[in-house]
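Okay, got some structures for you below.
Two complexes are shown next, each including chain A; its partner changes from chain B in the first to chain C in the second.
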Partner chain A sequence: MDFYLGLAQIIGVHTILGLSAYVVMLTGQLSLAQAGFFAIGAYVSGMLTVLAGFHILPAMLVGGLLAGVMACIVGFPALRVKGLMLVIATLAFGEFVRLFFFNFDYQISKGGIAVGPLGGEGFRQIRFFPENGWTSFDVMLFVWGVVIAVMAALWWMDRSRAGAVLRAVGEDELAAQSAGINLTVVKVAAMTAGGFIAGLGGGIYAHYTTHIEHLNFGVILATFAIAYPILGGLSNVFGTLLAVIFIQGVLVEGLRFMGDWRNLLFGALIVLAMNVRPRGLLDERSMALLKGLFTGRDHART
Partner chain B sequence: MEDFLFDLIDLVQSIADGLLFGTTYAMIGIGFTLIFGVMDKLNMSYAAAAIAGAYASVAAFALVPLPAPVVFFVAAVAGGVFGYVIYLLCFRFIPLASPLATLMATVGMLLLIDEIVVHETDGMPQPYPALFDDVMIEFGPFGLRGDLMFVFLVSVVAMGLLLYLIYRTRLGIATRAVSQQPVAAQLCGIGLERTNAMTFVITGVLGGVAGAMIGAAVGVLSPLLTLPFTVKGLIVTVIGGLGSIPGAIVAGLLVGAFENAFQFLRGVTERDMYVMLLLFVFLFLRPGGIFSRPAGRD
Partner chain C sequence: MLELKSLSKHFGGVRAVDGLGLEVREGEIFGLIGPNGSGKSTTVNLICGVFPVTAGEIRFEGRDITHAQPHVCLAAGIARTFQNIRLFGHLSVWQNLWVAQNALADRKSAGFVKRWFSGSARARDETGALLEFAGLAAKADDLAGNLSFGEQRRLELARALAAKPKMLLLDEPAAGMNMEEVGQLRERLGALREDGKTILLVEHVMELVMGVTDRIAVLNFGQKIAEGTPDEIQNDPLVREAYLGTSGQGDA
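Up next is the complex of A and B:
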């Protein structure tokens, strides 16, 4: 049972990470810095609960806000240039954050034990959940509470004017600009929101694993973050959730019996999926078909 | 004062070593930049394929003991083959209108190549042959490592051949025409797909040479090389200006020298942070790269 609770937690945290990349991707940009923002959220909120004795909620909020501020700062110079520059700049920024935490020591003594991040050894003993008597089930409920809150917020945003603006920029920058939309403001806002969401996810991650180190936040995690929305499609937030369940549930856990062939298959399946479904598993057409099934009308024709 | 002088000599020595090693970054950067120039897309698996080319030559070396130059040649050929395979799997059949899908496919390819290498070698580093690694050319207090000099020379020759190919042959004209105006190039009877495929093969060969030279300079091949070279190659591409070959060469040397200087000054764990900072300085002050025109960029 604990295995499935753990899997549910992993899927929840990765959904938050994927959604953070989804927001940025709605504007047609691709950010490989999400793992960096995730790391900032993880380290900051971990330090707040362990070193400063915060409750997890304010700690996560502070971690998320700080990650959001960093995303805003990174977004400004990077977004002035063309789209592919952002991919490279954010890739470099994510690695920069990882290397920063690789070199980051800040330990204080608590009850005779030194606690806090210690460079390459990582940050041990983030024990907020066990110390406060949360069971795995409570943690899972908490994770999914946050997931549902983030998904609901994004769903609502997508139906509001803000969502229309984001998608307009993503579809055609030139047209959006001539409709009076300030491209830089929109893109930086999306980056900031993405950074905030990734920071929240990082906060949860740090607390349920209880031990984080810089290697957890490498390029592979950043790749996962963008893989979810791309594989799931950008038509709505459920595509990302579906892709996380597919990758973490089926590919990572379901293929465990294949040993180290699993990793080989993972890359090959991504290549295959992109060739077969370049617009994502759950693209606009299949969404319309699904809608047609439920409402009895054929939306795919329109 | 005496100490300071010694430090200065060591610093200059590190920068010189870095400049020599920087040619490998320049080659990886050229590969990224050329593919970007022709297809307007990033091929994230390029550095992985380059190092996989070197691995293929190690495998050939394990079958029949070959002299080092033949090993390097095998790496170049294998690199070209990998380039074509990547073109087929990640570019050929994905519609042009889905740039995200292409990017993601090349990322998947990067993971796949890395995992194949790990699977075949059990993740163990493989020794790679070098030439002239016992030679040391002395200039007063300075010394130039023979193997690095050789890497530098081979890289310069490879880049020279590439420049000749791009600027002096019909194939190069076709490549540049496609990168400037794909539609007009097609109207002139240039086969788009054939030219794109050829570009991938050419950059793949260059990547294979780069992978072999990385192996020769580092002394071993390891899957751990892939990501740093991907990141640094991309940084070189941005600093040099996306699409600019001379920019990539200068930026490669710059990054090599810069990183070695900071390795000497700040240690190996902090070295790469300064390379990233250099990138951000460039993004802020010169977002179009070294050779961009100061005004009127789009």
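Up next is the complex of A and C:
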């Protein structure tokens, strides 16, 4: 049972991470900085609960806001470049954050034990959940409460004019500008929202693993963050959720029995999925089909 | 209403637009014609802020918009269409209009939340009149990328109108259209003039230009070689020469 609770937590946290990349990707940008924002959220909220005695909710919120502010600051220069150049620029920022925490010591003594982040050793004993008697099940519920809140907020955003504008920028920047869209504002806003969401996810991650270190937030995590929305498709937030379940649930966990062959098959399956569904697992066609199933009408003409 | 003063754009050594002066008056349909490569589209892109201006000045309603970015030009009241259609193909037809429905009229009155996060049901209804005008009411929910060529041209025109501009820059709106569609476009442009819109029409299709414009300017090699009413332009020897070649050689 604990295995499945743990898996549900991982899927939840990675969904939040994937959604943070999803928002940015709607505007046609590919950001490898999401792991960096995730790390900021993790360290900041961990320090707030461990060192300052915060409750987890305000700690996560502060971590998220700080990550959002960083994303906003990074967004202005980074979004002046496009495509591969942006990938490199955001990757550099992500590594910058990781190396910052690799070198970052801030420990205080609490009950005779030194606590707080300690460079390469990592940040141990983020024990808000056990100290307050939360069971794995409680934590799982909490994680999914946040996941659902983030998904609901993004779902609502998607269906408002803001969602249409983000997609318009993603499709054709010149046409969007000519339709009155200020590209800088829209892209930086998306980046900021993505940073905030990633920060929230990092806050949860720090607390359920209880131990974080810089290696948790490297390029692999950044790659996963963008792989989810790419694989899931940008039709709506459920694509990202579906992709996380597919990757974390089916590929990472389900193929564990294959040992070292897993990674090979893992890559092959993703390539296959992208070939079969170039616009993601949940593309416009499958959405139209689903709509048709539920409303009994034929939306699948497209 | 729109004034260009000795406007120039050089791409390296190429003088795409070279000291162009124009004035488009309020409420008129002004035609801009010229052979291929004469700088018509470049002029449109300069006015809309797509390319930086090399020299000269652009004024709209007395305001200097020489160095304004495209979205600022739209906010000032100039909307455009593109020579090669640029729609948001994966958005639905009505959403294409929704995206553009922000800048002008509603900007000051409606709050931030209403402009960005208002729900979709009412917004969809509000695009109804424009879709009717473009003859796309039945296709409101289709993806823009799935429309036929003519429908896409109409949607692009509707998107330009969705921002409630004072002036429209239409870059070859009749390209690729058959005669029936050109006739419909002509009626639409007439209706827009009735509506008080000022239009700068860049076009190759002479039936449309000669039939609908009030005044015409002719460009050749980035310079204005003639300006006048359609009748004057049709009888201008310089214009004939630009289109048909030097008169000394071509009579046989």
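We take it that the second predicted complex is superposed on the first by the 301 of 302 C-alpha atoms of A that agree within 3 Å, B and C clash if a C-alpha of one lies under 4 Å from a C-alpha of the other, contacts with A are read in each partner's own complex, and residues count from 1 in each chain.
In this section, a residue touches a chain if its C-beta (ideal position, glycine included) is under 8 Å from a C-beta of that chain, and two chains touch if they have at least 3 such contacts.
Keep in mind it's a predicted model, so treat the numbers as computed, not measured.
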Looking at the overlay on chain A, is there a clash between chain B and chain C, or do the two fit? fit
Touch check for A:215: first (chain B), second (chain C), both, or neither? neither
Go through the superposed model and pick first if A:99 touches only chain B, second if only chain C, both, or neither. first
Is A:161 in contact with chain B, with chain C, with both, or with neither (first, second, both, neither)? second
Could you let me know whether more residues of chain A are touched by chain B or by chain C? B
Could you look at A:182 and tell me whether it touches chain B, chain C, both or neither (first, second, both, neither)? second
Partner chain in contact with A:30 - chain B first, chain C second, else both or neither: first
Using C-alpha centres only, what angle sits at chain A with arms pointing to chain B and chain C? Round to the nearest 10 degrees. 80
Shortest C-alpha to C-alpha distance from chain B to chain C once the two structures are superposed, in angstrom? 7
Going through chain A, the residues touched by chain B and also by chain C turn out to be none
Given the complex, residues on chain A that touch chain B span 25, 30, 77-78, 80-82, 84-85, 87-89, 91-93, 95-96, 99-100, 102-103, 120, 218-220, 223, 226-227, 230-231, 260-261, 263-264, 266-271, 274-275, 278-279
Please name which positions on chain C make contact with chain A in the complex. 48, 50, 69-71, 74-75, 79-80, 82, 86-91, 95-96, 98-104, 115-120, 123, 142-143, 146, 159, 162-163
The residues of chain B that touch chain A in their complex are 36, 41-42, 89-90, 93-95, 98, 100-105, 107-116, 118-119, 227, 230-231, 234-235, 237-238, 242, 269-270, 272-273, 276-277, 279-280, 283-284, 287-288
In their shared complex, at which residues does chain A touch chain C? 156-157, 159-162, 164-165, 167-168, 171-172, 174-183, 284, 302
